[in-house]
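Dropping the structure in here first, questions after.
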């Protein structure tokens, strides 16, 4: 018997530490040929005996592969347990869940990706999808901010993105030591440098709750329309499928109505940002 | 819907027949109150007041339910989904609870179907009983459109004197009757109308009226999302979640894993949770999206009168009055909150 | 051979509470024998002062985890004595049953967990779990059943919830009581016989010292819940006059007060009860006593353990009897009007009054005495069995040590520890209240 | 954590009911003994050892020598669990903190009072850091919660202990609230931390607060509720102090 709450078996194929607190996992489903996710969707990961946690899929959609990637930060029970696991260990997977990004809306447009800290994880899926189908999209800006240089995720990958034609990568940190040559300051300080074509621009923001307000107001100053701004939100989730009630903000369920929201709609949800 | 008239001993016979086959649950006396419980004889059934302390939702969404069991095996885990459901007859369900069950059915059947709820629900026969007198001083069902169950039952009994007027909305309901009774006549219908009219008058005489227009409740809540009432009431709130626990339309749950001492066998359990509790919306980083008690009271009230009303076209407070009684600080009544907001916005 | 010896056994293990034995022998002469209580003093009597009287059973049940039901019962009896309340027959039967259950769990804990390891020459019951799993499982089963019965009636063990002035705030269901009867019958048939055989096979040190045996006594039953105070030396006294039998004195080496009779130390507990009341034992218990070779009057304190085995058989038989009695008269909800639990609104205003509750708890006779003024307790005195036994244990040691002085020190230590343990001292009861130091 | 962690049980001022609860766990006790190595358990063993990973301490601290012993235990133990209300909030012992200490001793020991050392009763964490609390007087749910804490420790997980009030579970059990009984009883449930499955109200009596305060308890609201039930603020305070003398919000 299977229910809504039955996780499927999966195995850790690779575990690559990114920072002190984050590890990138490659997972392999044992009973399915592909996860079949969209960028921005998440899965519920089970560590049996410890619990379940919603984690964004970090790899690009891969219609013919049973593997996908998750990048996990340790903050509590499940995430701590995950980070202590290694290649060959077993987990449970439910999903993918959530709406994800509708890539068709972004085709032919300029895209600004704004990521704060671990927010890069869900965005990486989308960015990789865009890079895989580069010809479908126009200019790409990637703004990424972290607390300190040692918190930077996917460092090599970021560098390789930055070296690609038509991709403008900007990074910044809040606090830096002497060996840091890049920008210092909050992420909004990167925005004035961008040469935007507002009507043709879609902005995608994922980060900690405080970041949204500042980035959105900056974008609005740069005349990016509210309906061209997209965010992905994080809430407490216990089921991932719109039943348990925890992720509800006003009338909206983050797990099933989101986690991706258009800002014009989100504005009407007082509890959202 | 078919309508019958059944002699009182006929209903007794049907219950006794069911008792031989199935678990029959009904309100039974519990001290100076009542509660749903498995019965062993027809006499145990409490008809009418008092209201049960907790609603019958516990039969479909148990207070605590194992949804998964797992055990270590070959380096991995053997996982088994658990979904215990048994055939039961729920007898003596009041209209407010019938409405509430209908509403939670919608929630659990929507999009991702929750088999653990639905399996239990499908195996249940709902037999409602009309409330001819208010079942508690707190009941506001007439105001919250909870007193008329429509066809949201398998069978519904109204005492119209020496016989029951019986409405059967499903095959399950018909089967319960086992051919007892006869089709209702014109006279029976007239009797029913007059009994219901009397009933409504009795309920109407209660001092509690809903001042705003029922259909404008979502609008009223939206317009007054920011209102002093929330803080004033919130200040007195314990954050004790009693109002959530006793509400027939509160269905939120939490999920936890439990491991046995051997660290090899365990299970995943879901259990009732409530949006009035402090940690309900707190995420792992420590951020709490509804930190203050008033945020949470506003959320609860809005769920009943606005968000879910908006989505499903009906108040999710069915006026059972349980939370009003349970709340030791007398702040939670959705009707009173709506009235207070209505009055204070109009001056 | 004249010898010097100092023995100092700190924190005798496997007794509940903290005590030390101190023995000082110089040139073959016994200079000093002391049983020290190093348990922290708890000041219950003082704490009771100024509290609302319905709280007393809940507060005093925290005197001791092992006899919390006994304390609650003594407390209720003292309060009801003071207030002139007579609870229903059903309440009496249930209180008697829960007291039997508590005695059973305590005795099983004592003879299986605390005494048996001495005979198997292991430090605790833990290694027995793997070496003698059947014994340990049997012990756990018997203990668990007693605990479950306490929980069925009182809500949990320790610290009962539903025991209130005038009656119970919660009634067990008829089905629960029936299930308890059948579980008791099963234990009686399966676990009791091997228990008796096990203890019949053990040989206890041969040591006798006649003393005064004090317990409650009742014309119709083996008294636990009610009865007059009986002394084998001086006869019977009414419970309210307990002070004429029991005098407490503060002894400097002990945080527990010692209690003595007006003339000399006395013994309370299973052996005292057995000596005074053995003719009232249930048939199975009587047969067990025969099998164990225990006959009244017995003067060997090491055999307190056997008296406990006998009593535990009695406990089981009695519970079956009491439960059947309850079912026969039909379980009824108690009259809520008479029950005073916790802070139930305003309690009846009472003028000055006082009362005494005397009940048998596993370790002996327990006395609670309260003075009440208005809603408050204005004075309290609790006399705990272990406190009453301490002086008697010292007397036993004084007589025992010279007789065994030629033995190796380890053996003496063990004999003394076993003696103290036989009394099953519950030192946490040190309302005002052990250690072996051979100095 | 080691495969079979070494566990030591210790006790200070209390009724020893907590260790008794552990001894009463029957089958689960045997399971536990399979999973951990008990190296110290005075109530059940004469064997003692000073090498342990987990120290489980019951009882409050009420004498000078107990402080040094506790500090020593804390030094040796990787994890310290406070078992029961006395260790967690001081328990019943703290009732005496609100009276004149000398008077109290005098009342019990008469003119020999000055010979007995004892000071204000305190919970363990007034003296050392406590990692986990197995709350309750006695430890809740027949020691089940205590067991969950030990299992969580072995799993390296933070145990699940609700911080909401007792009312939540009381309602789940379908109890008639004791404030609503025919003869109402005043209850500490609305401000006391859940986890006992509302043991007392389920047996017809009031919650007496043995698990300490809930997270962010609304004490003002409670005073109001208690007044409606006929208690003065002083009486309410006295009620809290029965088991919660060392009340600390959110602990």
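Going in written order, the chains are labelled A, B, C and D, and every chain counts its residues from 1.
Simple rule for what comes next: a residue touches a chain if its C-beta (ideal position, glycine included) is under 8 Å from a C-beta of that chain, and two chains touch if they have at least 3 such contacts.
The model shown is predicted, which means the values in this text are computed figures rather than measured ones.
Novice: If you tally contacting C-beta pairs, which pair wins, B-D or A-D?
Specialist: More C-beta contacts join the chains of B-D.
Novice: In whole angstrom, what separates the CA-based centres of chain B and chain D?
Specialist: Inter-chain centre distance comes to 37 Å.
Novice: What is the distance in Å between the mean C-alpha positions of chain A and chain D?
Specialist: 44
Novice: So what's the Cα centroid distance for chain A and chain B, whole Å?
Specialist: Taking the mean C-alpha position of each chain, the two centres sit 39 Å apart.
Novice: Let me have the rounded angstrom distance from the C-alpha centre of chain A over to the C-alpha centre of chain C, please.
Specialist: Averaging C-alpha atoms per chain gives centres 66 Å apart.
Novice: So which bits of chain D are touching at least two other chains?
Specialist: Answer for chain D, listing residues that touch two or more other chains: 155, 181-182.
Novice: Using the touch definition from the top, which residues of chain A touch two or more other chains?
Specialist: Answer for chain A, listing residues that touch two or more other chains: 49-50, 76.
Novice: Provide the list of chain C residues touching at least two other chains, using ranges where the numbers run on.
Specialist: Nothing qualifies.
Novice: What chain-chain pairs meet the touch criterion?
Specialist: Here the touching pairs of chains are A-B, A-D, B-D, C-D.
Novice: In the complex, go through chain C and note every residue touching chain D.
Specialist: Checking each residue of chain C against chain D gives 11-14, 16-18, 40-43, 45-47, 49-52, 55, 58-59, 62-66, 68, 105, 109, 113-114, 117, 123-126, 129, 136-137, 140-141, 143-144, 147, 151, 154-159, 161-162, 164, 168-170, 250, 252, 255, 257, 336-337, 339, 341-346, 417, 428, 431-432.
Novice: For chain D, which residues are in contact with chain B within the complex?
Specialist: 28, 31-32, 34-35, 147-148, 150-151, 154-155, 160, 163-165, 167-168, 170-177, 179-182, 189-191, 215-218, 220-222, 224-225
Novice: Spell out the part of chain D that touches chain C in their complex, as residue ranges.
Specialist: Per the touch definition, chain D meets chain C at residues 11-21, 23-24, 26-27, 29-30, 33, 38, 41-48, 59, 62-63, 66, 91-93, 95-96, 99, 103-105, 107-110, 112, 115-116, 118, 137-138, 142, 181-186, 199-200, 202-206, 208, 229-231, 235, 238-239, 242.
Novice: Taking the touch rule as given, give the residues of chain B at its contact with chain A in the complex, in rising order.
Specialist: So the residues of chain B touching chain A come out as 67-68, 70, 75-77, 79-81, 83, 107-108, 110-116, 225, 251-259, 263, 266, 268, 270, 273, 275, 280-285, 287, 289-290, 299, 302-303, 306-308, 310-311.
Novice: Which residues of chain A touch chain B once you look at their complex with the stated criterion?
Specialist: By the definition above, chain A touches chain B via 1-7, 9, 11, 48-52, 75-76, 79, 88, 90, 92, 208-209, 234-236, 238-239, 241-246, 248-251, 256, 270-271.
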